[in-house]
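Read through the structure below, which is laid out as structure tokens, and then see the notes.
Letters are used for the chains, namely A, B, C and D, taken in the order the chains are written, and counting of residues starts over at 1 for each.
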């Protein structure tokens, strides 16, 4: 028995899209160190499409895997689709998370939403 | 580890002086079935000497062994000595008894005392 | 040696010993350690739990709490129900006079804390009557606790019917099934059981291991506080090797239950038949509604400890309800509960056999008991009084 | 695999496994059975008890009660002292903020029952100060319970001095010595200890076994009611094989204690030295007054669970005080008690080694932890903020 699915372990061990986008036009950070999880999402959006996405995460295995999976799920996608991304979809794509780790997928959804908001705000300025 | 000493087991397995003296002139019975121990002592006393002694016992291993040892200790002895017999002496002669079994040696002492009383009573009648 | 004290404890099965040793050697991690070897231990632990679920027909792995044995399970079950009762203002408990001390002493303690305890009569045959359970249940009853099978006289209670009565009255029903599990069919759903205690060393599993079944929805409180093991209901690093061995032993026992019971009952009945030939003797407990391996007799005019010692000399390991074997003044509360008077209760003998007991051993036991009883009677002052008519025979 | 989680549990020694297996196979009697095989089991049980007496320098075999582990021993000790306190109208208990949950949760329960609990500060170095114990004791204090050595940060308390303070004030002193027994010198007389808890699986003995030392003259109440085992203080058929194995393991541990400690301390100090090279890290707990095998660090900017997972991938089994490893929201109460703030506490790592850990393993662990910490920091948003000066370093 392993605490995590193979998928989670794969994304934890080889996280996709790790890092920073210097010219990101949407940045979101959620969580706090007190609770042990912080996720930061960098989006580069062009023509209402996520051209590039990167993340930085301080957190447990499922937090890192959720970030990684979430970035994969939105990369190259139109914003209309990105806005529909739910934490459940992230968790499912990871073949599930332990109950008490579901909040990690919530963080991933929130981090993306927060980055999108930042993008909208910048656009409207 | 055995609950009982070798001596106790020897006297229990091969009790000395078991039985009845038909022409006993001193008989004593102590204990009661409710508590699980009854000892009956038969004495044949001649010239203030215990010529013969026999016992019957309903009870546990240490009760049977105590009866047996006690009879051995008084057989052929003058009454003056028999009256001095204590339960401690019986227990010691058995190389000791477990604490909660000491009452068996008490019964043996009492059974002999009771038989002696019976003898005195008959004599004075 | 003839081991005829299986109700006291059983020899561990080879399979259980092997499973335990393998686990001690290779799977020594702490199931609370989240990675590597800890998770392997956790896997073994949960696998074992699933086996227990199957064995007693529970519905969910969450219903099983591993404990250090039957006594702990009894204590926890009863204390938990009492806790719920206290909160609800229900401070009455129904039990029986012949429960194991793990139950009776816990109830005694609760009595001191203000609970009222009704101990039902178990009658001459050692059987509780469901209608008497029903009649005893009151508005303020928070628990009925009645053993599945008695450890001394082996009588099997009408648990299913008692369970049904409790369900109808909406009262929690706990059963101490320490002597039943692995020996007779136990099904917590069929039997309407809310809580059940079991102990591994009674079914060829390890000592120091047991479990408590708690039906989903019943709030259990912990007896041992600390870490979050067993879903927070029983603290302490899990005894994974012991738990694994418990599951192996129970699985085997349940798989062979019918077969073993059939074999054992035949031998038991022959043993009973043989011992009945001893004059002024009597079987204790109902002759048919009893555990496959349990034989329990009283022999008038003799005392049990000396009987045991002499049987031990012949290589037979048995037990007795005599006071002398327990270091207390009174004989077995179980024998008193079925109406045996003190003197007769002191002369009791329990032989608890199993499917491995051979026919030769059965015959040897019959012969040996006959011999020893006769010998002890030969110099018993009580027996003399009885035979000389100075006292009336009871049996 | 490098097993560096010996504070969680240890691998059983071969000698202990052998003793246990032999006992399961050949000495399976119930020590309460008065004859034959039961007496042989009783002999093994009492022989084991004598070994425990020697190992902790107790004075009498009656002072040892076998339990199912450290948690049960802690519960029973504290509940017993509280019982005595309640009777005497003394409802105040002194303890510390970083006790094991088996102690803290029991105290919490007692608090609900009306007791007042003072939890002493353990300071930055994780050491209780005897003078603060003295100051905390009141007229109505019925118990002081302070652990011998902490399970997370390994700090060894000035138990002898604390014990002396309690003696002078005539207050019962209990110590949870689960991490100490078998690892450092424990002497109940020298250390002025009234009650002591130990657990076998922490010193290469079996899981599910432990014991409680209770100084002669102190009245202990039972947690598990039932049979008269353990002189009426702990019901339940004795786990003789487990108890025998406990004694074997403890005897070995105590015989080799000084030698093993010397070896282990060297390796521990090298490990500490190596990990200190990681920037913005800090050792948790006093560097010298700590268990021979305990290393505990906080690394700023990373989280413990991901650290453990990656170390596991490298074959290193360790533990962490991160909230994520326990399923709770808060990090280790021990780290908080020594003043680590939440974010730093999440980034903790505990490596608990023993005399069998090789120098190569030590060097491999140092290298691995360095690598993994560096890697995790490379994409930690907190680390970025710290290095870019947006946040102040704490360590």
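By definition in this document, a residue touches a chain if its C-beta (ideal position, glycine included) is under 8 Å from a C-beta of that chain, and two chains touch if they have at least 3 such contacts.
The structure displayed is predicted, hence computed values, not measured ones.
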Of all chains, the one whose CA centroid lies most distant from that of chain D is B
Looking only at C-beta pairs that count as contacts, which pair of chains has more of them, A-D or B-D? A-D
Once you find the CA centre of chain B and the CA centre of chain C, what distance in Å lies between them? 40
Interchain centroid distance [CA atoms averaged], chain A/chain C, Å: 57
Using the touch rule from the top of the page, what residues of chain A touch 2 or more other chains? none
Shared-interface residues of chain D (touching two or more other chains) are 34-35, 305, 309, 325, 327
If two chains touch, include that pair; go through all of them. A-C, A-D, B-C, B-D, C-D
Once bound in the complex, which stretches of chain A touch chain C? 1-3
For the chain D and chain B complex, residues of the former touching the latter: 34-35, 39-40, 42-43, 46
Give the list of chain B residues in touch with chain C in this complex. 9, 12-13, 15, 18-20, 29, 33-40, 55-61, 63-64, 100-101
Which chain D residues qualify as touching chain C in the complex? 1, 3, 5, 8-12, 17, 20-21, 24-25, 28-30, 32-38, 68-72, 74-75, 100-103, 105-106, 108-109, 199, 201, 206-209, 223-228, 235-242, 305, 308-309, 312, 317, 319, 325-327
Interfacial residue positions of chain D with respect to chain A in the complex: 301-306, 309-310, 313, 322-325, 327, 329, 331, 342-343, 346, 379-384
